[in-house]
Amino acid sequence: MRAKYKLIASPIAAGLVCASGAAAQEAAPVASDASVFVFNTLLFLMSGMVVMFMAAGFCMLEAGLVRAKNAATICLKNIALYSVAGLMVYLTGYDLIYGIGEGGIIAPLNIFWGGDESGALADGYSAHSDWFFQMVFVATAASIVSGTLAERIKLFPFLIFVALLTGIIYPIQAGWVWGGGWLDARFDDFAGSTLVHSTGGWAALAGAIVLGPRKGKYVGGKVAPIPGSSLPMAALGTFILWLGWFGFNGGSQLALGTISDATDVSKIFVNTNMAACGGVVAALLLTQALYKKVDLTIVLNGAIGGLVSITAEPLQPAVWQAILIGGVGGVIVSLAVPVLDRFRIDDVVGAIPAHLLCGIWGTLVVPLSNSGVTFFGQLTGIVTIGAFVFAVSFLCWLGLKYTLGVRASEEHEHLGLDKAELGLEAYPEFTPG
Amino acid sequence: MRAKYKLIASPIAAGLVCASGAAAQEAAPVASDASVFVFNTLLFLMSGMVVMFMAAGFCMLEAGLVRAKNAATICLKNIALYSVAGLMVYLTGYDLIYGIGEGGIIAPLNIFWGGDESGALADGYSAHSDWFFQMVFVATAASIVSGTLAERIKLFPFLIFVALLTGIIYPIQAGWVWGGGWLDARFDDFAGSTLVHSTGGWAALAGAIVLGPRKGKYVGGKVAPIPGSSLPMAALGTFILWLGWFGFNGGSQLALGTISDATDVSKIFVNTNMAACGGVVAALLLTQALYKKVDLTIVLNGAIGGLVSITAEPLQPAVWQAILIGGVGGVIVSLAVPVLDRFRIDDVVGAIPAHLLCGIWGTLVVPLSNSGVTFFGQLTGIVTIGAFVFAVSFLCWLGLKYTLGVRASEEHEHLGLDKAELGLEAYPEFTPG
Amino acid sequence: MRAKYKLIASPIAAGLVCASGAAAQEAAPVASDASVFVFNTLLFLMSGMVVMFMAAGFCMLEAGLVRAKNAATICLKNIALYSVAGLMVYLTGYDLIYGIGEGGIIAPLNIFWGGDESGALADGYSAHSDWFFQMVFVATAASIVSGTLAERIKLFPFLIFVALLTGIIYPIQAGWVWGGGWLDARFDDFAGSTLVHSTGGWAALAGAIVLGPRKGKYVGGKVAPIPGSSLPMAALGTFILWLGWFGFNGGSQLALGTISDATDVSKIFVNTNMAACGGVVAALLLTQALYKKVDLTIVLNGAIGGLVSITAEPLQPAVWQAILIGGVGGVIVSLAVPVLDRFRIDDVVGAIPAHLLCGIWGTLVVPLSNSGVTFFGQLTGIVTIGAFVFAVSFLCWLGLKYTLGVRASEEHEHLGLDKAELGLEAYPEFTPG
Amino acid sequence: MKYIIAVVKPHRLEDIRNALTTIGVEGMTVSDVKGFGRQKGHSEVYRGAEYQVDFVPKTKIEIAITADKAAKVVEAICKSATTDRIGDGKIFVLDLQEVVRVRTGESGAAAL
Amino acid sequence: MKYIIAVVKPHRLEDIRNALTTIGVEGMTVSDVKGFGRQKGHSEVYRGAEYQVDFVPKTKIEIAITADKAAKVVEAICKSATTDRIGDGKIFVLDLQEVVRVRTGESGAAAL
Amino acid sequence: MKYIIAVVKPHRLEDIRNALTTIGVEGMTVSDVKGFGRQKGHSEVYRGAEYQVDFVPKTKIEIAITADKAAKVVEAICKSATTDRIGDGKIFVLDLQEVVRVRTGESGAAAL
């Protein structure tokens, strides 16, 4: 479980100690209640800001990895999905996550988040800051989907799916763990390797199956690569995601106001950073070994794979463990990208290897560094959440397919979604046609 | 009024309470004077950093929306205008804003900001942190102008106008409100819908009128669109602006060190974010309804329109109100872009709808959520500031027109300002001609 | 000296005062030990984040200033070098910097940083936060090298050099000053004009000499400019670097938790910002005067030159001094770029003028604003560090040259490293050939 | 010898190239062009203003070939380029007087 | 039939296209080229180094037309392309032996 | 007059242009093209999938010249374009019937 509960145990304890005056000086020094509150709130705000900026990271990564003729559409999808996520988390999502009650399976539906700050003092942070932080997490999961399905999915069906994902699917399973539901006691996912990244990955996988590959991607038993239009843009996107991940993982400590929390957040920063470094170097060496050429796009995916891998437990591992965990993430990505192609699952930006597979890996490896966590418990969470998200997403995609249709017409795909759906071009002066 | 006064009332009060020892624990807990000071200062620094980064956002947005042949010039203008703004705020601007005296109309001219930290303890924050925060606000107003006038204005006349705007025009009107001048008592503009965004918009409008439209924009009673050269770059710019806005509005709380300030900053973050979401979704649906195609460039403007709309009062509205206020901003932008064209006011990036019109809307709607504020008072501020900024800017532009000339020659415009004024190309390997 | 020592003198003192209870209220108010600890740690984390993001800034700047055919490779180098730097600082770097002992010349070799937090309370910040902050500094130095040597250096030899630079060369000289080694008592370099920027610059210069210029750069006694492929990308990179510099210089205060530290960080923000403004305006006016055209690429270098110049002492100068120091940096850059060409040293992005020369200038000018510092002491540091870094780098480059080879073959250079080394294109749909 | 210039829809290039290779064409040169023809472009809306896009992106293929094979080449292009929709493109046949292979200096049909 | 190749200043394209449409030209193909001609380029300064820009961006227009209309087309281009400045461009007229419309297989003048 | 089309390796352009200027060519038009020829492209790996890159980037040079100079031009290109490696390129010579200089209306050899 995340959020509410934990904090009651820390800053407030600190507050009590503080209130008892001079006594506080005997143990480790503590800050005043008010400072702790401000620090915790600030952690949410600062972290939330950079996680919000991950939307730009996904936008750039995806715009760089699609063809020029679909680049404007993917930008539109990214800014729209973030906005839809915001509205849906407000409408139903937040209350579905946190209204669930201990050990519960689903929260009673409650629309419009109330913004109640009355419990804030006891929680040790502003309710609004927490809401903001949770909201940007939900948007992240949706961003994962847009990349996989790029270049062929119609705009409005995609946005409808995003609304379902961010308003219902994600919140239900997040409630199971972070809301204190039935999985919370047996399963550990610090910042969301499973809850956010695999969830996004499962939803993307379901969509990719329903949607089918892009025209021309698999021709006569062969994979025809469709190179991305701007690799520097993709690199920029990766750097932005890396930056955002400090907030993603660091903010998930949910508290900053005590010496121990501040130290933990620092450890998380270091481990997050080093897991990404491990992912990059692993992907670099592995693509060189496999293909005799370093593949930049896989190295970028490797950074993300490393980051996703450490997300389930960025605090406990020693630094060298973090490097290895991230490094394995980089390996997974490098190997899985071509495997996925063998199954003819067309994942435009490599989101399924990086977010889904590395999310599973990162969750499974938690017991190694975290003694209170069992391998079996982790598996339970991965399987139940995976099954739930995949199944419901699949049904949603099918529903959309047989009503509005999800796939752009062959002609639109040829022409590019930019011209077909937006009636404009991303680079009108450059693209040859 | 903003800055100085308000803070005297909060952290210092907190400080006094704190100094009285145990008594503090009876009411809401308070942090120590020193912590409050550091928190407040940190808010300015952190917010100032991301607002500074808005310069990059404007740069990307504008570089993406101009033609390739003017993209390097607009980048130069953006980095140069920020630098000129910095120098002018130091030279005259800051003292013109805050030297005005209660109820005053204009401050005595005082050159070179002194950097006096002697009042800092009483103010509850470092004077330098406040200066930095104010400086980046001024630069924002100037950035608005560069977008509207892109692709046809000469470099040095533009920079001279920026110097006048940031050194004199903006500071005088900002002093009326945030400096505690005559408007302060009747008019409310939390983070600058009118003081920053409309001010930038009025200055841009005056410039657009004096300058006239780009060649080929209005041909025989028809509007000939001039598509932007890189929409992904424009999308990146919008995301950066969105990020920066958390600092823009959040930092305008001017204090973070108490539980109530931290909670208020959190509310501001949520409202700011949701207004932008509202603006995006409104523009998306509206352009789809009007043109049967979603127009990405207008959706991007819609995000900004939503952000500007909530800027006048990001704290008081409930979240649903923030969504609506931002949503109306998105509507305004969608409708105003073509209307402006009907008046043959050529606004290259849509800055006038987003910053000027949404700034007015946001300022007018404050009384709805903020009982202490009157509609009439708001109107007074909008009209007097608008009249002042527009009139003085118009005179400055005319003065420049009849001395140095403001408009690039027809040949230079054909060739593109990059080749004509900078003697280089933004994308030398790509641009066809 | 930086880090460890200094802090013992400040927050802990504050802590002691605080512990003595009411007495604290008589002098300037102080925060509790715990708050000070959290503030200091937060400063490292927040600053470290934006300095990490400077890797994206260098990546964009360099990708924008190389030709399209080498843009993917430079992106790969940038993400890889950051990752290698992370691993090497963990392996040997950090302990080489801080294990040196007072007045020492070289620390005993110690592999794998231990992550010991036991001294944190006494230090006043989390050891991990400090490690993170130091690590991103090291990466910065390596980023400087990649830009100079772009478009012709082979990938793996480059990465091996990065490993040597970040794991050995940088740490040894940084230990001399920031680790408390022999230079610490006589030499002052607040945030690393010499230790980071000149170090990167010397390493780059040695590489440029060993490597030779790009084919076609100097033809028959003439300089043939090789324009960068995307100036807006270069502008974005510069803005990101500017943003990161607030963390670079501000974080180097190493403490935030007292009123005086918070005020000092604020002063550093203002001076850092204004030095960059000075550099921009100086380069703008000077290129206009010299070439009758403003050169955007030099103006961007001017911003960086201004930032590097103020890095040696961003706290003590008055604002007008900071403007001048930065302005001279802009002048140096504008004049040195063509001079370097006269020596046929081919520096693709202008890193040597901006980082090496401005680093020297910034270090030499410290005595003007900082009475405790002597011109002779500064010169000692500049010369010894320069000689050490240049000589060792030169040997490393030569070693690489005669083993693996450092330079791409003529054919690869013609083809572009993207196709030759990565087997892909940065912009496959756009590039003509 | 003939110099054949074909202006076709970009996404047909792959098929056309295959068709030509099959009938023994060994070289060709391809570039991106904009076409104005019967296929009249279309109207679009940008920032609320409607406007006419007059040109259509096309691909130009140039092939030098011996006179006897020219008819076969034209036919092969016709077949592989057609989508039976307006804008399928056109083929122009010009007389080619001489060809030279740069590397060897060979000329005439041998250079093709 | 004739195959006319005109190399002109890019910003005249709009006018030229209008002029040609007026006299009944129904198709043309346009591409971006670099020209080296009398208009000699110019010298520029980049990062403090002076250098010569040798080429000038131009637009190439290709038009297939019946022989009788060729003169009118050349005249129309001349008129609409000129700015009376150096670099206005050139028009080349080649003999065109055959045209085929891909979609219908029509050939000769009917295919134009 | 002749209309010469040469398809060459992009990085030879500079030398070719110099060689042509030396022998008195006063104008030429250059564009970027993709070549399919003997030089067969190569296979690459992208994201773990191997694929064939069929085309090679080339530069197309077009030169209109009086008939008497044509041979010299072809020779000059041959010499300056060659790297003695496959893919060096080809030169096509077509008959040119008429040239007109837009600015002055001059025609024939005088317009070259």
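Per-chain numbering from 1; labels A, B, C, D, E and F assigned in written order.
Everything that follows uses one rule, which is that a residue touches a chain if its C-beta (ideal position, glycine included) is under 8 Å from a C-beta of that chain, and two chains touch if they have at least 3 such contacts.
Owing to the predicted nature of the structure, the values given are computational and were not obtained by experimental measurement.
**Student:** Which contact partners do chain A and chain E have in common?
**Tutor:** For chain A paired with chain E, the chains in contact with each are B, C, D, F, in label order.
**Student:** Hey, how far apart are chain D and chain E in touch steps, shortest way?
**Tutor:** Graph distance in the chain contact network comes out at 1.
**Student:** Any idea if chain A and chain B meet via the same residues, over half in common, or different ones?
**Tutor:** Mostly different residues form this interface, as fewer than half of the numbers used are common to both chains.
**Student:** So how far apart, in whole Å, are chain B and chain C when each is placed at the average of its C-alpha atoms?
**Tutor:** The computed centroid separation for chain B versus chain C comes out at 32 Å.
**Student:** Taking each chain's centre as the mean of its CA atoms, how far is chain C from chain D in angstrom?
**Tutor:** 53
**Student:** Just how far, in Å, is the C-alpha centre of chain F from the one of chain E?
**Tutor:** Using C-alpha averages as centres, the distance is 18 Å.
**Student:** Using the touch definition from the top, which residues of chain A touch two or more other chains?
**Tutor:** Touching at least two other chains: 31-32, 35, 42, 46, 227, 230, 236, 291, 293, 295, 297, 423-424, 427, 430-432.
**Student:** Could you list the positions in chain F whose residues touch two or more of the other chains?
**Tutor:** Each of 31-32, 44-46, 58, 94-95 in chain F touches at least two other chains.
**Student:** Can the chain contact pattern be summarised as a line, a ring, a star, a complete graph, or none of these (other)?
**Tutor:** Topology of touching chains reads as other, fitting no named class.
**Student:** All pairs of touching chains?
**Tutor:** Touching chain pairs, listed by label, come out as A-B, A-C, A-D, A-F, B-C, B-D, B-E, C-E, C-F, D-E, D-F, E-F.
**Student:** So in the complex, which bits of chain E are touching chain B?
**Tutor:** These residues of chain E touch chain B: 10-11, 32, 44-46, 57-59.
**Student:** Which residues of chain B touch chain C once you look at their complex with the stated criterion?
**Tutor:** Spelled out, the residues of chain B in touch with chain C are 15, 18-19, 21, 31-35, 37-38, 41-42, 44-46, 48-49, 52-53, 55-56, 59-60, 63-64, 71-73, 75-76, 78-80, 82-84, 86-87, 90, 112-113, 115, 117, 120-121, 126-129, 131-132, 135, 155, 230, 233, 236, 421-430.
**Student:** Using the touch rule from the top, collect the residues of chain E that touch chain D in their complex.
**Tutor:** Residue positions touching the partner: 3, 17, 26-31, 62, 64, 94-103, 105, 111.
**Student:** Given the complex with chain E, which residues does chain C contribute to the contact?
**Tutor:** So the residues of chain C touching chain E come out as 222-225, 227, 290-293, 295, 297-298, 334, 337-338, 341, 350.
**Student:** Report the residues of chain C in contact with chain F in the complex, numbered from low to high.
**Tutor:** Chain C residues touching chain F: 414, 423-424, 431-433.
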